[in-house]
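Below is the structure I would like to discuss, written out as structure tokens.
The first chain written gets the first letter, and so on, giving A, B, C and D; residue counts start at 1 in each chain.
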Amino acid sequence: MIARTDATGGPGLLPEILEFTSSLTLDRALLREDVVGSLAHLVMLARQGLLCAEDSRTLRAGLVALWEADSRGELHLPPEEDIHLAVEAALTTRVGEVAGRLHTARSRNDQVALDLRLHVREMIALVLGHLASLLELLAARAEAEQGTILPAYTHRQRAQPISLAFLLCAYGAMFTRDVDALRFVLSQVDVNPLGSGAIAGTSLPIDRELTRALLHFSAVNPNALDAVGDRDFVLDFQYAAARSLTHASRVAADFIDFASSEFGFVKLDGALACGSSMMPHKRNPDVFELIRARSARAVGNLMSHFQALKGLPSGYHRDLQEDRAGLLQTGPWWCSVLSALTTALPRVTFDRERCLAALHCDYTQATDLAETLVQRGVPFRVAHQAVGTLVHRCQEAGIPLARATPELAQGIHPDLDLAALGTLDPLACVRRKESAGGTGPRSVSLQIVALRKSAASAALTARGVPRLQTLFDELREAPLR
Amino acid sequence: MIARTDATGGPGLLPEILEFTSSLTLDRALLREDVVGSLAHLVMLARQGLLCAEDSRTLRAGLVALWEADSRGELHLPPEEDIHLAVEAALTTRVGEVAGRLHTARSRNDQVALDLRLHVREMIALVLGHLASLLELLAARAEAEQGTILPAYTHRQRAQPISLAFLLCAYGAMFTRDVDALRFVLSQVDVNPLGSGAIAGTSLPIDRELTRALLHFSAVNPNALDAVGDRDFVLDFQYAAARSLTHASRVAADFIDFASSEFGFVKLDGALACGSSMMPHKRNPDVFELIRARSARAVGNLMSHFQALKGLPSGYHRDLQEDRAGLLQTGPWWCSVLSALTTALPRVTFDRERCLAALHCDYTQATDLAETLVQRGVPFRVAHQAVGTLVHRCQEAGIPLARATPELAQGIHPDLDLAALGTLDPLACVRRKESAGGTGPRSVSLQIVALRKSAASAALTARGVPRLQTLFDELREAPLR
Amino acid sequence: MIARTDATGGPGLLPEILEFTSSLTLDRALLREDVVGSLAHLVMLARQGLLCAEDSRTLRAGLVALWEADSRGELHLPPEEDIHLAVEAALTTRVGEVAGRLHTARSRNDQVALDLRLHVREMIALVLGHLASLLELLAARAEAEQGTILPAYTHRQRAQPISLAFLLCAYGAMFTRDVDALRFVLSQVDVNPLGSGAIAGTSLPIDRELTRALLHFSAVNPNALDAVGDRDFVLDFQYAAARSLTHASRVAADFIDFASSEFGFVKLDGALACGSSMMPHKRNPDVFELIRARSARAVGNLMSHFQALKGLPSGYHRDLQEDRAGLLQTGPWWCSVLSALTTALPRVTFDRERCLAALHCDYTQATDLAETLVQRGVPFRVAHQAVGTLVHRCQEAGIPLARATPELAQGIHPDLDLAALGTLDPLACVRRKESAGGTGPRSVSLQIVALRKSAASAALTARGVPRLQTLFDELREAPLR
Amino acid sequence: MIARTDATGGPGLLPEILEFTSSLTLDRALLREDVVGSLAHLVMLARQGLLCAEDSRTLRAGLVALWEADSRGELHLPPEEDIHLAVEAALTTRVGEVAGRLHTARSRNDQVALDLRLHVREMIALVLGHLASLLELLAARAEAEQGTILPAYTHRQRAQPISLAFLLCAYGAMFTRDVDALRFVLSQVDVNPLGSGAIAGTSLPIDRELTRALLHFSAVNPNALDAVGDRDFVLDFQYAAARSLTHASRVAADFIDFASSEFGFVKLDGALACGSSMMPHKRNPDVFELIRARSARAVGNLMSHFQALKGLPSGYHRDLQEDRAGLLQTGPWWCSVLSALTTALPRVTFDRERCLAALHCDYTQATDLAETLVQRGVPFRVAHQAVGTLVHRCQEAGIPLARATPELAQGIHPDLDLAALGTLDPLACVRRKESAGGTGPRSVSLQIVALRKSAASAALTARGVPRLQTLFDELREAPLR
């Protein structure tokens, strides 16, 4: 049964109401954030003379002990309404009534805003790390697959010959944008709400600049009322996750198709393929299906959070507590999907012959042929139409474009001569597309270099994010005056 | 570490991939559904001669033992990919290799479709029970509050005098529609998917009509491919929940306003009101704020499920597994909100004097006055304009409408005489609105009767839903030939 | 510039504010609904003696003239805040000040609730008509495609042989559930809100039962406050649309795959296939891509509506106006997608040889072989494993399952003999699956019969829905006393 | 009837299918973007020698004429499948077959990606302008309202005394974050997709760096396949809109409450308040209700776009066309809401006496009193409890906290003496909260300065965004070699 305190309600508060309103099962996951935030608050109170030296030392020792017990998996928190009260109760058990001084000039409203920001910041570091690995992996694989040629698809129809390296670079371009988005989230989360009090600041002589520095934030939230009611950074993180997982879902959709018997472009090795309880022959790409599906919950969590905020007046409302379930779920999930991709991709082998065969038996070089005419001065629309007619004739004759003869072709347009038809080798088509961002090998080599740079830059940003463990290590030693 | 089997993938399947794809932590909650479904399947196999008598008895004893161990909280399932394999593994431990016969003519695809349907049906019964209690409570309270008069609001402006009974009946009308929606969900879920196999049915001589009857479904799903890929019933349930919790959110929004110092219409007793960690004077309506917020996750879960289904081809895909997290969360939540409302409402007291005062000092009888003129033959638009002018004059004079004098009024329109002004008592205004659905006492009495009928009917429907325990009790005794 | 009236705000109301708040550009589409509702209200006022005979005749003639001008495309409404005021202003122009009597005992709050219900009811009839056509089409096509055999897919891997007829019946099963959902919406929308007034009913002696009968509703909304604030029926319609368009999206996803060169199962004829501005050889399935995509806006509109309702107190708020944009868009869209499907499907030809070839060269009969062993008494798990091994051996040998020899097979399990291997013909596999809902021909024939019944029943329901034109024809002649 | 061309489909394409797939009614709004993009492409083709001088001049003159006709409202586009083909057809009418040369080295896939990016960039400039005005307005009003004192609310309960200036600065803090978000969107949209071709680049010697410079983009999209399938910038814009409109909805929720009779804090003047068609006394805050509601469609559009992208493989699919409806709607809407806020706020007057009275009659100074004790060395939890008891005693005695006597107080805690109680004046409470971000006047003055800086910075960013008109003016004069 959850404890009833002055802070949660009077002694008559119904147990079932307290249980309905309690968030402890969710925000138990924020224990480390709560301890770090309390340590910073404590150091500030001490230096400002709002706590005496002895109390400060006692309180810090208590908080450090809680963190360490938690690290050993030995911390059992009392059943309180939320993590803040649970930590205070646990601290009281250890150090006595002096624990009551820690809440000086602090409200649970600014405290939870801080905990959530610390949590999001921590998750950003983790996700950036996964993105860096994935980008590096894509770059390395692209390098190895410059010679694998397959069709690019539009409308799920074969469109033009490309290299697999080029396709992998396209994936890399998507995930590079996720790094951008995370940097935006980081800029939004990087603001210290501590010291906002319940809603209006405090009359006590606190120093918010000091807690900002102790917690390695770049700025102090400019307005207390906004600070306690603001969950934009949670939205931002959920949005970045939903966007990134949508990227992952598109990659997964490719691999599910590629792994079908019809495409037959890839083989999943036994480390990846899943079976069937009824059909003994099945080797299913479940891992990619689940990657595809995981974007669903991220989008749902984003929707859920918008829904929770809608219609609220400004300031703090208990409704904001609903931020937690989705937020705490999204980070680990995001990591798990990126990690699954990183695990799975090296275990997927492309069947180079089947990939190439898909080009040889088709008409994907048509645009190249039209461009050859354009280079001879034929207007594009005329060239487009002439090649379209040639494709049609070939289809009627049951031959692929590569086997079109000058006889067949020149009847359509005089420029469709032997030299022009000589450009139809798929590999040559790939090689010619050296426009910036194109599938040509020099263009792709530049893309790979750029991907590597993105990977390194993401890793660097990740390492620059202040981590909870580091903050803890600093704060347990920080001078108290 | 999760076990690897032929059904999940070969022995080389990576542990981290298996962990990524496993759903056991979620669908562990479906143990009872899985056992009941297996019992029905087993009885059918036995009667069709696909299992011999001895094997049937052995298997049934094993399944019954699993259920009973679970009821005692003593069932520890082995770490398998999902609940179906975990149950099969646990069964194998108890009864040996004969457990392998249970999967005859069954796939996990139709098995999970069945488990989810049984789960939704069970949840519908629980939610209907809560709705019945809430409707009954609203009816009883409405009866007691016929004499409490307060303003109805449009645009959050005082609009017209109503009785509190009338407002409570409006809440009842919303929740009555939830009963309708649940009946629709029930009609959609009430279809037996068992026997669909993996996707195309089976060549074995099964009897789907028999499992239908054993599981108390009304119909058999007409097409196996549809049956294993269909999650409409999950969408339907999530939708009904989102709609119902939106109703609850609107009721909660009323009470949050009513509980403010500004409205001052209600007092939350100490059993309900929550406190503040920083502001000693606060008595906050957290329970209503959280009821308001809880619709957010239901809407998010609905969005999530649409997102998961979008873009899937027909038939079964592993993506469908993502139905589980939201679904398993939504039912208990829905119950918790309805239950919190039912707990909270009796502990809310209305301050009748403040409610009435809000009417006396305002202009909410204006429409009634206009209608009085209409009854004397004045066109409505003319009456509307005349009363509008009178309101304006009163506002200028700083008096409420009830204190308008014939002198002031008749200068505006001759029919605004003493008799007309005599109709301005708020209570009389309430009493006159006896149009069907109006706030007049006879009309409201009829509404209360209707609410009671809805409550009784919801309870009846709830009792008619076949429950898991009943099915289990029947199936453990069902003849095996 | 939009007119300013007493009803919209005083003469000082800023034009830009009026424009911001006006809904006329949206609800202009509700003109016919508004006129029909006004006619019913008018007949009731006349019969209740709230309008004299002459005024009633004048008003009715005016309203009839508006409808007829609109039917000829000649009605130009004045720029008012909304459709209700625009109709009243247009009526005033035609019949003079007596138009002001029509708003007696009516508010725009109940008026718009009525218009929206009439609109949804009209759209339901249209959508049901489209569904009936689609279901009939699927049934007819299924009949013609009993002999087309292709793989069913799970996880986008070939799973088991089925007939195309069976697949089409699966589509039919999905759309049949849409008919169910529409019947639910119909039951929810079928309630008369007229006479609820602004929020509390009226003191005038109206007869809501009469307007109910005139408008062919089944019931009167029980509570006025609920009636004006209730948009559940809009949610219900949006939900049914989102669900149905998700079905269409799954069908479309199948055809996009089938139309790829890799599957090659279908050919889109020139009436369907779209081209490319750059790639002359392309024949793209744009129509199916857009059908797949259209579910997106329906889901977005549903989410939008939930978002608009969230956090509102009970009763009427101007926020509810936001229902219109999505609602008015969803109905025509839904019709357009169903119509596009109905147009497209007959123009898609299946390549029977390629479909069959996909089976011959693969292992999709594995389950059937396992079931053959089960019929000889082998436990399913043992059979599953034996056949799995056989599949593996065939794959190593580079032969499809159909060419497995008894020598290869019996080394694995003695029951894998010549007779057992004789069951591997894909067509025979289809024929054997005669379990209810299976792909066997007798089972499918029953499914086709059921589809036909659903189509007929949907058409019947559609015809039973009271239509605006019928209501208008009745109301223009309805006795005025 | 929509024209059928090689690019859209063969001559046999069904008119109803073409109508179903056409996007012209939507993307007609992108005419200016399309012309500007074509001008840049043309200049590049000319300089690269892919167009001769004469053709270049002819084409440019034609495009300029189209823009100018459109500016005069005289451009009637032929009914083609989309804006690109309509422009090409209109151009052909004017300049003949040479128009067919413009599509050289270009696909509609990269063309539409460019148009959409130009559109989003244009909208960002407009929205930033509105945000700058709103921020400036909030700063100015805050300056004027430093002396207006009212309660801050948490849980919709009076919490602490604040100045209105402080509340307005909180609004400003929210909208400042919108400027941040728009800068992020700007960084994401600021990439040139032109020259990506259909999916793989081109073999023609184009210069993407040149079109980048001509169109004032900062970078070239690194990968063509990604470029044509990427709609992240549309998501980003929709997300920023949904977030910002959620801010507006929270501000609106405040004003709807403040305008109620119960709060009575604000008066809407006649330029803002809306009336009722039935209730003559109503003066409704419709403008704020609609601002509150408008976030709904933005969130719906965001969800719709996620739904459209989900499940798509990489690259271009026709599904992407569904981006348009939501995107084209969101920008103007966002502007309209910000503009409505900017119009409305100056017309709202605060009733300073009622605001202050709400503080005098309540207990909102409780935290301040507790903090006074803390400054004397009382532990916070003890102080919190003592003041809580005092509040309780005052409530029992029916007096506000400001009238607590030392006799009453000192019985509870010795430090609750006359001096302590002397701190209870609400204005003094405001003045004391000079912590950074607090409601104290010096703190608020700094916040106002910061708001002004944000406003100026937003305006500066807005002015730095390259606008369509400027690009047009530059491109019509740009050298062709």
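Assume contacts are C-beta pairs under 8 Å (C-beta built on N, C-alpha and C of every residue); 3 or more make two chains touch, one makes a residue touch a chain.
Everything numeric in this text was worked out from a predicted model, so none of it was measured.
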Identified repeat of the A-C interface (over half of residue pairs identical), from B-D, C-D or A-D: B-D
Pair sharing more residue contacts (C-beta pairs) when A-B is set against B-C: B-C
Rounded Å distance, subunit B centre to subunit C centre (Cα mean): 24
Whole-Å gap between the CA centroids of subunit A and subunit B: 33
Subunit A: positions in contact with at least two other chains: 6-7, 103, 109, 153-156, 159-160, 197-198, 253, 257, 274-280, 284, 286, 289, 292, 295-296, 299, 303, 306-307, 310-312, 317-318, 367, 384-385, 388
Complex contacts: residues of subunit A adjacent to subunit D: 6-7, 50, 97-105, 109, 152-156, 159-162, 166-167, 169-174, 177, 180-181, 184, 187-188, 195-204, 206, 208-209, 220-230, 232, 235-236, 239, 242-243, 246, 249-251, 253-254, 257, 292, 295-296, 299, 303, 306-307, 309-318, 367-368, 371-372, 374-375, 379-382, 384-385, 388, 429-430, 432-440, 443, 447, 450
Subunit D residues touching subunit B - in the complex, by the definition given at the top: 153-160, 256-257, 259-264, 274-286, 289, 303, 306-307, 310-312, 358, 362-364, 366-367, 370, 384-385, 387-388, 391, 401
Touch list for subunit B against partner subunit A, complex: 5-14, 16-17, 20-21, 84-85, 103, 106-109, 197-198, 253, 269-280, 284, 286-287, 289-290, 292-297, 299-305, 307-308, 311, 317-322, 325-326, 336, 339-340, 343-344, 347
